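Can you read through this structure? Questions will come right after.
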């Protein structure tokens, strides 16, 4: 299965923030989308999810154009988002959060899947009756990822999962991301500010700057590239 | 980078899927049938022994279903494709039409104003004598009261953006203030008019103070509660207000001490005219016209003052307001007080004109009517509010006269019943169609003369 | 640009602000001087916008002091702070869309007329007086919007709305101007104009705090950069020094070994 | 003492009705943040539907079993009222999502005016009395005068309890309820996990209307009379109950309903029956001003 975007443009009002970016990801592959604040990373994945209507370009899931479809249809098509700021349902228990994540699946599948998630994140299993809002930041991030996995997606998009977390927790989150790819064979797009960790888990990375891809390649080449620092910290 | 090449405008066509339209229509008809079956299909009537019995109205039910199905079919076959076509090929702007619009906008106000001034005389000359009474009194004065109330509420809702569902309470305060003070102390209308306005404004501040930090819809509900509390107190505090029965024999306003009655010192006798109630009506008409125009003038002036600017800024964005140095509490309070004051004026006029008041005149429905005038007219637009008042109140009054409809719908058909039904439905439709009201464009409060000189090098570049 | 030894107009000391358990700003100190353009930068979620809300009084701070021209203002309500000369623009433009450019800008003046007791006497003077027209006219000229003063904001191109907001903020002659991401969505010529404008305003003696994620613009404009991360200040200095500061690089990119060309295995 | 117990019984009965209506207000507010001003009139419409269904069953079909008739009436009222509210949401509220912030409230006020006048026009302005149903009472306490519970009251308690249990199960244990709560907390996120938000909102209106229909049927049975203007005051009182309990909170709506019912009956018994509505409106104003989060609601965190 392939998720590809071709010449994607998106705008907020009259401001175009994405100027035709293209990338693709296979099932079982994790790619990273890097860039400074405001480079258009989040917009790109929001456009894939249908949260932002693309002004041009295509979002192809196995050749079928899903660009501009309503957000809830993306999840049904097998693409889920772990949004920035986690956005778990704070008044629901851990288990209810996960069950909501499996809303597009049958009850039996949800039960089966719950066990998988608890195996992946044992902490969530221990806290299944706890109210989501009372979890720590790291646990909430695990829950957000777990919730996304409940629908057995083909692709998972993650928007800054390390934001606001302590370095040790960031490490654990990324280990989990790596396991998802390897053990579950899910494809993923990781939007990250933390370049080192992103390059540590991704097999290919794209660097965005002001809405265009300025650099792409495998992590080794990118890490050595002086343009990378420029894209983040270029103060002219 | 840019959008994919759009199809050339001339070739864009829209296919009408008739099968789908028919299916949609069938579904709509089925829903409409189910929806109207209990309330239209059956009618509960009391028989001689005062027991309820059912009658069926199958024909009426089917008529309704047919009308709705027909409308749906029309929308799917004609309107929807037309809109789609228009979306694909935007119509070129019609220069003549635009010009006509500007001309209308320019001349409408002076014309309307002139018409309002000559209206009673015109009616008097056309219909003469008592025939004019109805058109001046029921029609002219009634409409102008609502125009004034609409303009008053417009300050609160239209300018400051505070949804007040209890506006009628201040109208009641004005009416009862005038009535009680006039009956108790025998003071004249012209002394009590400002006093009633002041009292209402005072109540506006008093009620406004605790509620102003509430968010929009909560504020609306609290003002509604206050409005109802005022009405219930008027009903229940019998020793003070005479409760449901109301107060009659309220002194009428005089022209510099000359009353409008058939006595020797009355208006007609003084000026050597034959007595007719039309003189009082014409006098009252000009009083309320003047009051309404004062309201409009004050509002227009206020919009140019810092406080008016603060109101409109507040309506648009409260947080931005605070960081501009605008004290939002005071700004809201002044809007409340101003609105209440004009309601107080209108209330005392109402009491003086009717000669009788009771809590019946100050129900929530009255608040809703005034609010819908403001909303339908386009919030913040003076002309829009006036037009809406004329259409809604005038429309109601005309409905009373449509006796010929009884010929079609039977003798128990009472067209005025449909007034509020249409009000309600119009409110919904207009919110959907134009959430900011019929006259969506507001008149700028302060026009700054654009200077054509090029100032500095940076003006011309970019979008200039 | 020749500058007199500048006294700090704004001095934030040991400011802390938390939402429930989350510490958004943590014991943060920084200052801004008259005529200076100070940048406040940091990665997403670093606490920049919270800081602006604290300084302008939209949020009440939990600890610390905010001194403005030597006086503690942390207990003043937002509108009072605005009246003594702290104004701002917003990350997402907050203008009255239905009103004209002139009306929006003149609103920036409305509140200030109440600033002192004599202002109350001016309450009944319309905002179309010569004085107001001149003041607003000057502000519009400064930002280059004189040609559209009578246009309704809604029909203005997006980039120009930022300039309306700036005009509204400077029309009252503030001592401190906080610009929250003013370059978002601007075209290249507009960004150029923005830089010139910000320099002009600073030259008039206003202290400017610029929150911006476009570091290229920051580097071009600012004398001094304060970098914050996780609500804490991690760096203060020149833009050039910031680019090479290990803590800053870590905050933006992750771990600093990267710049040395870390190439250990990752598969 | 007898007066107190009797008023307690009456108050709980009245409070059950308010509580059932209040759930509709609180759910709609929870999910789309709007005060559904027309909800009181939806309640009134349901009472009329119940009235017509009852007349069909008793006068036309000659059904003699009151219990069975009531059950059918209840189901019919629930179904029709749900349909009414579903249509209202589709035509009057859905097009306004994301519109000018006061637009939905104004539209709801318009809908409220429309509904009450529609009923007035189609059914006439007069009160509609029905012959008293289930007049028997049980004496629960002897004293200066007998404290009684009527069968009607027992039925109201029973039906309310059963329906609240079903409703509670629906919201807390089923996928539908989870989807509903998810939309309440974060609509965008709910859509992202695959929930059809529009459909969930529709279902919320349907559930709210069904419970209002239960209240409407109970109201008709309890008072034995209904008129087109009966939506406004009970609607406001139920809204007060929702606010008092903490708008957005479901248990809060029920508790608030019971409290309002008790306050109203106690106030009438001990103070003044004339001012009972003033008491309700005052509670509404005082709660909104001083305790806007209600008894069980949580204060909103101010977002910048």
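Each chain gets a letter, A, B, C and D, in the order it is written, and its residues are counted from 1.
Here is the rule we go by: a residue touches a chain if its C-beta (ideal position, glycine included) is under 8 Å from a C-beta of that chain, and two chains touch if they have at least 3 such contacts.
Computed from a predicted structure; not experimentally measured.
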{"item": "Of all other chains, the one whose Cα centre sits farthest from chain D", "value": "C"}
{"item": "A-D against B-C, pair bridged by the larger set of C-beta contacts", "value": "B-C"}
{"item": "Gap in Å, rounded to a whole number, between the CA centres of chain D and chain C", "value": "50"}
{"item": "Averaged-CA centre spacing for the pair chain C and chain B, given as whole angstrom", "value": "43"}
{"item": "Separation of chain B from chain D, taking each centre as the mean of its C-alpha atoms, in whole Å", "value": "31"}
{"item": "Residue list for chain A, restricted to those that touch at least two other chains", "value": "none"}
{"item": "Sites on chain D at which at least two other chains make contact", "value": "304"}
{"item": "Residues of chain B whose C-beta touches two or more other chains", "value": "319, 436"}
{"item": "In the complex with chain B, residue positions of chain C that touch it", "value": "56-58, 77-80, 82-83, 87-88, 90, 94-100, 102-104, 106-115, 122-128, 133, 136-137, 141, 144, 146-150, 157, 159-160, 168, 172, 187, 189-190, 193, 196-197"}
{"item": "Chain B contact footprint on chain D (complex, rising order)", "value": "34-35, 45, 48-49, 51-53, 55-56, 59-60, 80, 83-84, 87, 91-92, 95-96, 99-107, 109-124, 126, 128-131, 232, 236, 239, 243, 274-275, 277-278, 281-282, 284-285, 288-289, 292, 304"}
{"item": "Chain D contact footprint on chain A (complex, rising order)", "value": "49, 51, 70-72, 74-76, 80-81, 83, 87, 89-92, 96, 99-101, 103-104, 107, 147-148, 150-151"}
{"item": "In the complex with chain C, residue positions of chain A that touch it", "value": "12-15, 17, 36-38, 84-85, 160, 163-164, 193-201, 203, 219-220, 223-224, 228-229, 232-236"}
{"item": "Partner chain A, residues of chain D touching it in the complex", "value": "175, 178-179, 181-182, 185-186, 188-197"}
